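One chain, subunit A, appears in both complexes that follow, with subunit B as partner in the first and subunit C in the second.
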Partner chain A sequence: MIDVIIIGGGIAGLETACTLHTQGIESLILEKEKEIGGKLTQWDSLFPSNRNAKELVETYKDEIQKHTITVYVNTKVIAIKKQNDGTFEIFTSREIVFKAKTIVIASGYSIFNAERKEEYGYAIYPNVITSADLEHMFATKKELKAPSGRTLERVAFIHCVGSRDEKVGNHYCSRLCCVTGVKQAIKIRQMLPETHVFNFYMDLRMYGLGFEEMYREAQEKHGVQFIRGRVSEIAQTNEGRLQLKAEDTLAARPVRMQVDMVVLLVGMEAPECNSILGKSCNIQYNAAQFIVPQDIHYSSGITSAEGVFVSGTSIAPLSVFDTINHARSTALAVSNFLMPIQNE
Partner chain B sequence: MILIMKTITKKQSWNSYQKEIANDNLYYARSCIRQNFFPASEHMFLHILQKELGKNVFDDPNHTTCTGIGYHADVVLFDTIQTVIARHFALMTEAGLEHMAISCVTSFGLYTEVLHTWEHYPEQLEKIRDFLYKATKKEFNLPKSIAHTSDVIYSLRDEIAQKAQHTLINKHTGKPLRAVEHIGCHYAKMFPSKGVGGAEFPQVLAGMIESWGGEVVDYPERRHCCGFGFRNYLVQANRGYSMSNSKKKFESMEVYKPDFILTNCPGCSMFMDKWQYTIAEIDGKTYDSYGKGIPVLTYEELTGLVLGYNPWDLGLQMHQVQSESLLDKMGISYDPHLKYTDKHGNQLPKPVSPLHLTQT
Partner chain C sequence: MNFNFFVLPFTIGFFIIIVVLGVRFTRWIWKLSKIDKLRILHGFFTRRTLRAIREAWNESLLHKNIFKVNPFLGFMHMSLAFGWFLIIVVGHIEMYALTGNLTAMPWESVFFRYFEHTTSHAHAIFAHIMDTLLLLVLGGVGLALYKRVNMKFFGIRRNTQLRVSDKVALYSLWAIFPMRLLAESATAGFYMNGGWLTNNIGHVFQLVNLNSNGELIFWWIYSISLGAFFVVLPFSRYMHIPTEVLYIFLKEYGIKLKREYNSFSEIQVYSCSRCGICIEACQMHHAKISNNQSVYILKNIRDENITERKIYNCLLCGRCETLCPVNLKLNDLRITLRINASKDFNSTYDFLEQPHNTEHAEVVYFAGCMSHLSPSIISAVETILKTTKTPYLFIDKEKGVCCGRPLMLAGQQKAALKLINHNRESIIQSGAQTLITSCPICYKTFKEDYELGQMRILHHSEYIHELLTNKSLKISKSTQKYIYHDPCELGRGSDVYEEPRFILSQTGTLKTIENERQKSLCCGGSLGDVSLSMQERNRITHQTLLQLTKPNPDCIVTACPLCKKTFAKQKKVPVKDIAEIVVECM
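Right, the complex of A and B next:
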């Protein structure tokens, strides 16, 4: 019987395992992909510090190795079953059934499928990409060019794609796409100083440490232009450029603009497994399928099911900073829960 | 028979928007204005379905306007229009039919809106049943399906292709004719799941064009409203708004050199045709290279041409922009002397030729 099984080897799962180790508690991580690190394995540099995302993942990999924490990769958790004695059986894509005293759900988030916003033409027009695609292009040092091969004269970022949107059924704000848009706009201006960059936004939610400063810097130092207005549609022109329509709500004027590339700042959704795991052991999750903690202020890592904990973006969209802090507090909650059991 | 339509296209986005389209045993709901502007279109729909394809379609003389124009102009109340539509359902029920084919995009949008309202507010349905009964002693069943008549043609497009006398291939160049399609806002923008292909990449007209050999132009203002907008047009002082919308579309499509425009909605057909004349009169500008304008066809007219009907029997001479350029490209022969004659061959008065829009 393992003390703790952690579902998901993103930074939330990794940090939970490392903190538990420092508390003297051993855990096992089950990760569905072939490597650990979660979404960060795809990202280039991280706001607000510009730190290389791979470097952070490598730091965690070193820690995991150093503490000899066991990780099963290519292992997708499909159900959890609570036993009469309060322990758990965990069913996965492997044949073996894992048994544990406690479970930490750290299965992270899914990226909004931009094809659902048909009016933006994702997967139809090759020069409409998402922030996740762009991050990957930065990370793999792919040259940024229009499909015609010409240099990018103009790039537009569109905020709130799949978030704060009645039509797609996501009312919540994904919290990080604004600052991701600022981060990526700055990067384009640094890589291609001749390219004009426009960010179309509803509100700019620069809530985190250093975010507002980045936003100022984007305008003052890098000349990124922010236009308050939601883009209504994108269409292709005869030359393969993209025409977008919006209303500049500060100038009270309609805007029609031709650009060479559009970046959709896609929101964060709860992964499908949240509701599957939630149902299989009776955990509360909200309408957006994020897991609802027992007490959002006081015990945000504890779920409504005894012995099941939650770490990182399984509860809501969180930055790396917030994810790591949440993962640490969850580890403490797990260790507090296990202590009386271990003392028995 | 009810067909579940499958679209064949590279663009996958509309695959989630499939609908059930009944194409036999239909109750036909006419438009109140189409017969004035495009006099042969509705007749052709009935003729093609009944005579060419052997379908049962009931054209009921008791059917009336849906009052949609009044509703959108804020002079007809929602309760009233629901009761009018309920009466049409009662007529369909009395005829022993269960599927409706609606010949107007505005009506189709309204029928859909009313059914949607009743689904979500059953008490509203009960109220309307009561109103209708008190007013007419009629009762009704809800239709099993409603389709726009272009949906019906879309569902039969391959059958039509097999009977085609002419294809949408330019006889002079051997290349597909380039078509602009315009589905009309009320076809799918309000209820994307009720239109074939949804609102963004609609397939209903595009499917016909492609099946008959043509090529659809995906131009930037493809989804933009034609400008009809009811009050934009009905209030004379607002007509500039209406025209500026069409103008925006013409400017956007011009560079693609379309051979024709295919429309879905009575209002759009009329405005995309007539505003070309108005703009030509004001600015001297036409949107083709020959000063003739871009021909605008309804889907029934296009179906008729493909099936080999005489263009003058299809009423193409009643359009503002004349269609000879398209007929020549399709290799359709026509007798110019019979253009303005009645069915007995008697000469009808010829319309006065405008200054800038060449009429042959």
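Right, the complex of A and C next:
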């Protein structure tokens, strides 16, 4: 019987494990992918400081080793069963049944599948990519070109793809795509100073530390053009460029524009596994399948089920900054929960 | 001439109804347009009249359409209408046959048994027939009474509220036949001039010593209920009985609803029998909207308390229209109301450039706005056109203009016509002989409003069907299981049901569900109602998806970009257009 089992080896899970260890509590991480680090392993750089994402992942890997925390990779949780004595049995894709006093759900998020927003032509036109694809290109390619090999004279970013969009069923704001769009636009301008970059947005929500400054810099220093209006549709021209139709709502006129590449700033959704975990340990969810904490202000790491905790983006879209803070506070909540048991 | 004072209520009522109906019908017909009047004149001495008689027989008397929906409801309507009709007809035959009096007054056949006491064999045979018919009608009255207690038994959840005139008409209608039975039985008690039913009840009356005053009271009440029913009929919902017959004839002569509210629209409004079938057909109750179904709208028009909200709150899916036993054109009627209620917005569209197509092609492809929002449909259709080496012109590839139907559905007729004229000119300039579209919404308006002459207008499913039947396109069968969702505008709206099904039977296995073809459900994305909130729409979509996914299909196939987009909200079952399926199997 282990004290804590953490479901998910992204930064939320890793940070929870590390903090718990410094508190003297042993934990075990179950990760469904073949390595730890979660979505961060796919990212190139992090806003607002532009630090390398790999560097942060490596820091965590070192910490995990230093604290000798056990991690099971390639392990997918299938079901959780609460025992009569209040402990948990966790069934996974492995044959072992894990037993723990408490569970921390750090299942993270999944990226909105842009194919569902068919009018933008993702997976239909090669030069329509997502912000996640662009990060991958930044990380792996030396020279930036459109997937079809075109040189990039013009690039358009479309904000709020899969967020704040009733038509795809997501009402909530993913919060991070705005600043991601700004970050990526700046990066393109830095890599290709001749390229024109246009960002189509509804609102820009620069809520975080240093975000507003980045937005200002993008306009003043890097000459990124921000157009307020949603893009209605994208079509491919015979020359292989992309034609997009939109409305410039500040100028109150329709816009038709040809670009070489379109980047869709895809939102964050609750991962499918949330509903599986929810059914087996009776946790409350909101309409978007994110886990609802017991008290959003006072105890945001505690779920409605006793002994089940939640860490990171399982509750809502959060930045790396917020995720790490939340993971620490959850670790504290777990140790407070376990203390009386250990004192007995 | 046989006479007693009790015949007066009936006789007065009878003359009032004749006069009122005469005035109303004359006014309605008078107000029809000149062309419509000519249609009546030209149609009158043709087979159309016979067809109208047949339909009136089937629907006004036998109520076959209601039988199809619910046999008990059908029987109730049939026994009342057809039974009463037979009583009148046989009653007259009886009187003429037995008395030879061809100049009898109207009351003489109605109250025949009171005046005629002979008991010959001929009399007895007629009396038995009349008793049987009376029992048939009484069965209907019994069902009508039971319907008030248990509506669900008749497949109806709710119905309209009754006004005072409706109540008077209803209660007098309920009274007529039981009173006729009592009155005839009372007389039969004295003279044994009734049939198997009335004679026996008359016998009972004799046992309880019913005197001739009691007999007369029954005849009085019978006559009063008849008279009351006739007087209030034109002012109650029962006005549908005579109006429906007129409607059937006018419809048969080729008179159609125009895009304006005229006397033919009014005839339709008055033809509604308020059977309530449309309430059940309507999907809006999933969105908790339960006061806007067609029957309520028609009632609101008659009662002059219709609101804008009511006019616009409808998906225009047409499910009620296909089930309406009177065949009322409910969608068109609602659109005319919307046109009347519409306000002028600043829809000048003066930014539209004059169309000048320099390119010409025999086949013109018009994808439509909704298809532009689901580009995989367009690329599939283009792949098919290219594979079959069809030279075509993609007419709305870049500077496409809306077909106009969404505006028309919103009642914005003037604005719609501007777009229609623009597109029409552009299509005609292209020299096209075949116009293919991917959008059923465009398809319907191309067919109905564009006046493109001899040009063939095809939905891409029809075109693919053609390519398959003339072997220009070869496809292979997959192991996929499909459910086909009939888009409203393509199915009910344009009667295209079989072509898509044929295609899917060639590409895989097509599963069936209960609500398909004419009964197909709306996806919830309809442009017919722009006042619905997304949550309300989602509830409708959810219910439709529950039915579509019941047989566990590998893929939901549809032929409308709007349906596809609406269903694509769920992530469980993939949704594809029929053209995409065909390309996969090429």
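Definition applied: the second predicted complex is superposed on the first by the 338 of 344 C-alpha atoms of A that agree within 3 Å, B and C clash if a C-alpha of one lies under 4 Å from a C-alpha of the other, contacts with A are read in each partner's own complex, and residues count from 1 in each chain.
What we mean here is this: a residue touches a chain if its C-beta (ideal position, glycine included) is under 8 Å from a C-beta of that chain, and two chains touch if they have at least 3 such contacts.
Since we're looking at a predicted model, the values are computed, not measured.
After superposition onto subunit A, the modelled positions of subunit B and subunit C overlap sterically. Contact comparison for subunit A: of subunit B and subunit C, C touches the greater number of residues. Of the two partner chains placed around the shared chain by superposition, subunit B and subunit C are both touched by A:233.
Contacts of A:119 after superposition on the shared chain: both subunit B and subunit C are touched.
When the two complexes are overlaid on their common chain A, residue A:243 makes contact with subunit B and with subunit C alike. Of the two partner chains, neither subunit B nor subunit C is touched by A:13.
Of the two partner chains placed by the overlay, only subunit C lies in contact with A:168; subunit B stays clear of it. With the contact threshold set out at the top, residues 118-119, 124, 233, 235-236, 243 of subunit A are in contact with subunit B in one structure and with subunit C in the other. Every residue of subunit A that touches subunit C in the complex is listed here, in rising order: 113, 116, 118-119, 121, 124-125, 166-169, 232-236, 243. The touching residues of subunit B, when paired with subunit A in their complex, are 11-13, 198-201, 218-223, 255-256.
Contact residues on subunit C toward subunit A in their complex (touch as defined above): 372-376, 379, 397-398, 534, 538, 565, 568-569, 571.
Remark: subunit A residues 115, 118-119, 123-124, 233, 235-238, 243 touch subunit B in the complex.
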